[in-house]
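Encoded as structure tokens, here's the structure I'll be asking about.
We just call them A, B, C and D in the order they show up, numbering each chain from 1.
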Amino acid sequence: MRIRVAGALGLLVLGGCVGPARTTDDYTRKASTSVHDVHSAVETARLGVDAVARDRTTGPYVSVLLGQAEEQATSVQSTFDSVQPPNEDADRLRDEVDGLLTQAVSVLGDVRIAARRGDTDGITGRGPALADISKRLSDLEDRLG
Amino acid sequence: MSEHVGRAGRAGRLRRLDAGLSLLDRQILDRDGRLSGKVDDLELTPPEGDGSGPPVVTAILSGPGALARRLRGSVGAWLESVHSRLHPSAEPGPARIPFGVVKEIAATVGLSVRKDDLELSRFEDWTRDHIIGRIPGARHAPE
Amino acid sequence: MRLSELLHSRVVDAAGNDVGRVHDVRLVQDGPLVGTFGAAFRVEGLIVGPAIAGARLGYRRSGMTGPFLLAAPLRRLHRRVKFVPWDRVAELGRDTISISGSADDLDEPEPLPTA
Amino acid sequence: MKRFVAVTLGILTAIGGFVDIGDLVANAEVGARFGFDLAWVVGVGVIGICVFAEMAGRVAAVSTRPVFDLVRERLGARAALANLLASSFVNFLTLAAEVAGIALALELASSVSYLLWIPFTSLAVWLVIWRVRFETMERIFGLAGLSLVAFAVGFWRLGPDWGSVFHSVSHPVVPSGEGHATYLFYAVSLFGAAMTPYEVFFFSSGAVEERWTTDDLNVNRANVLIGFPLGGILSLSIMGTTALVLLPRGITVDNLAQVALPTVLALGKLGLAFLLIGFFAATFGAALETALSSGYIISQFFGWQWGKMVRPVDAPRFHAVVLVSLVLGAMLVLTSVDPIKVTEYSLVLSALALPLTYFPILVIANDPDYMHGRTNGRVANALGSIFLIIVLVASAAAIPLMIVTKAGQ
């Protein structure tokens, strides 16, 4: 019993790590997952912005929601960046994905800053930018399969 | 539910029980109904006289000193060392409850004495005196 | 001696045949008088059976009949349980108890009523 | 009339007390990822907890002994100790997750980081255990937890297409793009959330604290058989809101703010206020229950005086265990480990530990020495046996599935 629990704890630690990418396929899959996860954060932020626009939420709640969306995107990006691309094709993919993730993180950061300041117009004004980045992430995810 | 303790039951038969099933690991309650530990083991003593014949149950053994031996292995050894560290005497045996102070054996084991009068509560006293008793409100029932 | 030293011990007969493990120790209340308790319990004998998990669950008693899923296999195993009267105990070893005579002439333990 | 009030209160408490951080997280995650395709697991889990909580309550009322006390009598010291260690570990992780959950709820209300709230919330939990009477404590947090009903209202306001909801609940499939192993992994987590073992330790010890007798058996049955299924409906509502709003947008649930998001969109500020009160009450109540359970099971194994029915000085070791568990739980959360991850692992380990709790209860509920003519009937035994098998399968599958799916990634 104790051994099983210890094993589970070991997994708890290992679960957070990213394995190396050995092939282009493998790398592409990791890229796709990262794009998917950042897309999820951007969509979360869009719903938050929507709630603010319709005056359906409170300042503290939306600021936490948007802060965590940004945090999530940042952590996905840094995990993706830490994966070693296996060849030059992968290098090109890396540049493309990383560029898009950086833009996403930047927009999410802008919204979060506006939310912390209680700047309602600043939040709702970012709606179109979020919609745009969301579409591009979703297109890229479709392309990566 | 005082299951009576006389020599013979209603049908004129002696009371029998299987110690493992009906006595071991049972909860002990003192005279005032306070929870006073578990029946961790039983002390068996050869009969008086020449010592031949079946052993007699002379005491209930309770607390870490008795439990440690049943657990065996490293957990048992650890428990034994905790017990002897908390105990003033050099080679402490387990806490003994002489069978003479047992009042009834049913779902729980009832005693005819108070638990403070037994050598049971060393660890409990220590916890009370050093930690819990020092926190304000410890001597009031919750409201 | 402690009760726990008897429990789980291996039991062999005079010919060295394995009888099983000590599942339980049967007590009878006909010892000397002690304190407020009355007559003390003394050991009447050992309940010995195959080394199985679940001997403590209580399926030896007649009243334990459910659930079928557990009771059916456990009660079957308990049919092979034997009673060793204390006067048959020849030698108490560290982990092994030797009894006099053959394992074949041991009876089943008398069933105890549930409360 | 007084009886009626007691029964009603008990049921309401059971509803509010059913949902904790594990249910909030697991149901929201599953809804956002699998829609209604795992809803059946909540149904199975609710029936399971009803079957075993009823048994545990009956055992406690008839024998006036709590579960872990009897576990040791029937398993023996060694097996019961192994059980105690495993159960305590799982219970401890759950406690840490609940303590974090209270702080996360306060963070959502104040935007002050949850880490700063941890010392205060842990202290508050301890003070309630130290000073508040058992029944008062149960009622307040159970009733406040009822405000999670906002999830059900939110789900309704989101205007689901009921026909297609019922269809996907009754015809579950593994969604395309998800492996069978992932599907089963979340099924096991969800099952662990519904049947969390501490509920039974707490339920049976609580029955002894409140001095239940055989007269209370009907109240017990009503609490369990009405309260828990209604609590299950709350769980399904959580799943439903994320299935309707987050799933179509490809959002995965990673934090508590997202759990609330669909209902906030549906109900606005008032809905948010209800949810925050509900989050707070549900996690606070569960933190009380798990903290007390840590003390209950250890004290009951060793035969120490336990419980809130006596003064703390009369149960010093019980209170010491509760205090130490709370401090350690708070420290674990303060390492800034992701509280949602702690919750997820506590659910998998709960599933792993399920048989340790439910197997002995099934045996004890059949023991005439304890039950005096109130042993399990045919229905209880049939259901108990079926669920024992389910629980064993879930337990055996929990760790392999976690490894294969990398904890559901």
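Details
The rule is short, and it goes like this: a contact is a pair of C-beta atoms (placed from the backbone, for glycine too) under 8 Å apart; a residue touches a chain by one contact, two chains touch by 3 or more.
Remember, it's a predicted structure, so these values are computed and weren't measured experimentally.
The chain pair A-D and the chain pair B-C differ in C-beta contact count, and the higher one is B-C. On a Cα centroid basis, the chain most remote from subunit D in this structure is C.
Comparing per-chain C-alpha centres with the mean over every protein C-alpha atom, the closest match is chain D. Inter-chain centre distance (subunit A to subunit D, centres taken as mean C-alpha positions): 31 Å.
In whole angstrom, the spacing between the mean C-alpha positions of subunit B and subunit C is 23.
Computed from the mean C-alpha positions, the centre of subunit A lies at a distance of 60 Å from the centre of subunit B.
Per-chain CA centroids place subunit C at a distance of 41 Å from subunit D. Chain contacts: subunit B has residues 20, 24, 70 touching two or more partner chains. Multi-chain contact residues of subunit C (touching two or more other chains): 56, 58, 61, 115.
The multi-chain contact residues of subunit A, meaning those touching 2 or more other chains, do not exist; every residue touches at most one other chain.
Across the assembly, chains come into contact as A-D, B-C, B-D, C-D.
Across the interface of their complex, subunit A is touched by residues 82, 85-86, 89, 107-111, 245, 249-252, 254-255, 257-258, 260-261, 264-265, 267-269, 272, 276, 341, 345, 348-349, 352, 399, 402-403, 406-407, 409 of subunit D. Residue ranges on subunit D touching subunit C, taken from their complex, read 74-76, 79, 362-363, 366-369, 372, 375-376, 381-382, 384-385, 388-389. Those residues of subunit C lying in contact with subunit B across their complex are 1-4, 6-7, 23-32, 34-44, 47, 56, 58, 60-61, 86-87, 110, 112, 115. Listing the residues of subunit D that touch subunit B in their complex gives 63, 65, 69, 72-73, 76-78, 80-81, 130-134, 136, 299, 301-306, 308-314, 316-317, 319-320, 323, 369-370. Subunit B makes touch with subunit D in their complex at residues 20, 22, 24-28, 34-38, 40, 62, 67, 70-72, 75, 107-108, 123-124, 127-128, 131-133, 135, 137-143.
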